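Across the two complexes that follow, chain A remains constant while its partner is chain B and subsequently chain C.
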Partner chain A sequence: MAQLSPLERWVLTLLGTIGFFAIWQGVAASGLVSHNALPTPAEVLATAWQLSFEPFAGHTLLQHLAASLGRFAMGFGLAALVGVPLGLAMGRWRLLDDIVSPIFEMLRFVAPLAWVPFAALWFGTGIGGPVMVIFAGALPPCLINAYRGAKLVEPRIVEAAQVLGASGPRIMAEVLLPGSLPSIVAGLRVSAGLAWQSLIGAELIVASAGIGYVMVQAQSNLAPSIVMAGMLAVGVIGLALDVALRRTETLVKARWGQA
Partner chain B sequence: MKDIRFEGIGKAFPTRGGGQFVALDDVTLTVAEREFVAVVGPSGSGKTTLMRMAAGLDHPTSGQVAVGGKRVTAPGPDRAVVFQQFALFPWKTVRENIAFGLRCQGAPRAKQDEVVARYLRLMNMEGTEDRYPHQLSGGMQQRVAIARSYAIEPDVLLMDEPFGALDAQTRTVMQEELVRLTRREPRTTLFITHAVEEAVYLSDRVVVLARDPGRLREIVDIRPTRIAEGWDEMAIDAVMDLPSFTHLRTHVWRLLRDQIRPDD
Partner chain C sequence: MSAPDLSVQRRADAGAPAPPRAARRLPRFGIGRRTLVGALSLLGLLVLWWVLTTGTGLVAPYRFPSPAEFRGALDQFVTDGYAGGTLWVQAWHSTRLVLMGFAVAVVTGVPLGLLMGVSPRAEALLNPAFLLVRPIPPLAWIPLAIVWLGLGDAAKVLVIWFAAFVPSVINTWTGVRGVDRTLIAAARVHGAGSRRLLTEVIIPGALPMIFTGLRLSLQASWTTLVAAELVGAFFGLGRVLDAAYRDINPAMITVAMVAVGILGAATTRLLGEAERRLIPWRS
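Here is the complex of A and B:
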């Protein structure tokens, strides 16, 4: 197949999006599905617009989103702050690797949603519980990528730092961290995606404000257009996060690639 | 200044068949203060392992290495290493690379700047301080690595085939510059190489190792001839044309040639 030009690819993207909404509109308008279960795209967009000004479940849509983004930032930030240094240290010191790896390998198979009951019991349904769930979802990629990155740093460079008298923390900060930055940034991107997904899961059950909470409230109010407006908001923000982090990743790789 | 003492050094690795491979066997050797000793040997004679033990990056299975009378257990800034593949920090500029060891010691900024400037001058690299390693030629990169090691003013310099990755011309220039630098700032130096001419030209003594197992074969004294004929004041090609140089080189070469087998 011939290579597509950027313009042709944009056209395809646009066609796909239009097609999706057209099918949705067609099914909703046909009467095959109850209107109470599937509102039309126009209705969902109108609802999203309306929720931006009129409070639902105590707050406007933007306030809910702000609450969600705050939790996301805390859980994701915490995961990066713990996962990256721990991963680097495990990549460097075999002893630490041997101690932490088995526990980590077991815990990472506990899905973020499966942390919900534990998180609610230990940290409550306020700020702590949801942040804990997000942290659990976001930690593995941070840690694994930092670990792999540290393993790939040229051993001679680490030895050079050692013989010049660098301490352990200095080797981490000035050798392992810059040496594995491309890998770490790739891990952060995956981690942010997982954090955002875990957040919605956490909020479905534990929060008192936030986009997940909106969707649960709308479900019990039998308001499908609000549920779907929530899904739309989640999707759009997730996509925006991913695009931003992908840009950063490309930038870091381009700058580091030549070094 | 400190000396290096290898006392009855042995290094063995277990092999898959349950036996063991002896890389070094009972090597005893002293590098005196401010002495430049080159170690030559066929591959598999354990010469790099010997250097790594002095650095504290590798450990003997028997015997011990002492630097300045103190047993070596870990790397330390009294012993600097120059690696074959330069091992510069790619994300640091020339200036930052050279100053790295001083920063680890907590030296004030003014002192760092002064030392960096001095070695840039000594190694003929003024004007490169803000470049990154990948923007420099191989020869320039190795100059930075040598400057980085000298900058911490180590008692002992350990060099592992530092010119092995350079082309022939650059190599000759670097050999001359190293002689200039070491005569100006003599340090106890252990220089690993497989190039016989380089070993004879640079050093006070040449240590020849045998392999399977790695053992001390002979130590050839170069210093008396070097002093008597004033090699240090001569150009490298002039030295290499001297009958005395050719004689020493051939002697070392014969010691090595005996060990080379048809399958090499």
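Here is the complex of A and C:
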């Protein structure tokens, strides 16, 4: 397993990138598969550009993305607001841990997308339903990482705070939360990825706007270039979210991280 | 879903002495305190379910089924069937697709991960394609798979393959790169050829990470299958969920959700058993 020289690595990476698009272009242009099934990379880009200004399925691509991001923010925010305090409290109080854990473990085996029918029945197909599905997908990493973080906080520090007369909520906010922040932020990053994925699933099944809805409408119109433009948009936003949270994680680790 | 489970953490806790405060609050029983409280908690949930739906009627039947309605739906599903098949037929249909997609992903993903781990050239060449495709969530492939292959089984297997492929490759690759370089050098010095090096040093060394990848792949397979069947299918548990939603039959929705949960748990368990057999030294 000899190491590559930087030049060799750079050339191979470039070759790999070119190869990826060349194979795609080649297969699409060769007529091996019907042109209706696989558009060329340039066509997908052109479609994405065009959809940014011309409405499809009621809105332009940017408006659909805004609708999706709004739902994402609500579902993800709700999961963080519920999951992090609950996880910290479970790490602090054993009894709560013993009560909640079996229920949580049981529910976790149900795939988040299986909540879609109930989400739609309870909260409708507009905003509430998708938000609940996102919540179901995003909650576990928030809760688990907050729990682990709280368990890792030095018990002597908690005891010291208790001796000095800090109340339960103050211990959580001023001792456990800062102590477990690196773990929590790592959980939030995993959680955001799952939330984004659950959002797409929910919008494919029940929604009347959003990027998933665009893709499912394009699928019924047999328009693969629009489907692939949607995939491109989903990928770009997902990547941007991940990069933003990775940055935050590094910053938090540098500021609050323990050895 | 991709987060590791709590149970490992808990087993580690069990070894540590319980804090004296907690021990004083509850007397010790033959079975562990934790098991007892957990069982009571689940029992409490069942009682709460009955009270809310049957005892007081606070939750309307079209929102969530009562225990009796759940039982009725289960009986109907087992004997008469729902959405084109009985419970066993629908459950087997879904499980078979998951196993097929998962198998294809493992058979293609693990060797690719090994190749990328062993050869820096292959890694540099293939990594760009990965970086380009990876940000797209597996569920976003569903519409494209339907455009290409229709609503039948082939589209489901394709989507599950996409979903399960990435964790298999990445974790195998990470596992191979994590193998102790000294071990590889030692095997080389003792005259092991490339082939023996691969089968007797690199693969066993990477096996724990490979299994981590397989577990993530399996979970992704179930999530993706349920989503794909909800988007459009002729059979399967996702199809049952969709039909029950359209009929506003919350009891049947619950039955299908429980079935999906049990199957997911059972297949994960089987994989864990295989892991214990194959890498006894891990535990």
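In this section, the second predicted complex is superposed on the first by the 238 of 259 C-alpha atoms of A that agree within 3 Å, B and C clash if a C-alpha of one lies under 4 Å from a C-alpha of the other, contacts with A are read in each partner's own complex, and residues count from 1 in each chain.
As a working rule, a contact is a pair of C-beta atoms (placed from the backbone, for glycine too) under 8 Å apart; a residue touches a chain by one contact, two chains touch by 3 or more.
None of these values were measured; they are calculated from a predicted model.
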(Q) In the overlaid three-chain picture, which partner chain does A:A111 touch, first (chain B) or second (chain C), both, or neither? (A) second
Q: Based on the superposed arrangement, let me know which partner A:R170 touches: chain B (first), chain C (second), both, or neither?
A: first
(Q) Quick check for you: in the superposed arrangement, does A:E154 touch first (chain B), second (chain C), both or neither? (A) first
Q) chain A residues in contact: does chain B have more, or chain C? A) C
Q | Which superposed partner A:P178 touches (first chain B, second chain C, both, neither) | A | first
Q. Counting only touches as set out at the top, which of chain B and chain C does A:I144 meet: first, second, both, neither?
A. second
Q: Considering only the touch criterion stated at the top, classify A:L121 as touching first (chain B), second (chain C), both, or neither.
A: second
Q. Is there a shared patch on chain A that both chain B and chain C touch, and which residues make it up?
A. none
Q. Touching chain C in the complex: which residues of chain A?
A. 1-4, 8-9, 12-13, 15-17, 19-20, 37, 94-95, 98-106, 108-118, 120-122, 137, 140-141, 144-145, 147-148, 151, 187, 190, 193-194, 196-197, 200-201, 204-205, 212, 215-216, 218-219, 222, 224, 227-228, 230-231, 234-236, 238-239, 242
Q) In their complex, what parts of chain C are in touch with chain A? A) 1-7, 9-10, 13, 18-19, 22, 25, 33-34, 37-42, 45, 62-64, 118-121, 124-129, 132, 135-144, 146-148, 184, 222-223, 226-227, 230-231, 238, 241-242, 244-245, 248, 250, 253, 256-258, 260-262, 264-265, 268
(Q) Under the stated contact criterion, what part of chain A meets chain B in this complex? (A) 154, 156-157, 159-167, 170, 174-175, 178-179, 256, 258-259
**Q.** Residue ranges of chain B touching chain A (in the complex, touch as defined)
**A.** 55-57, 75-77, 79-81, 83, 85, 87-92, 100-101, 104-105, 132-134, 148-149, 152
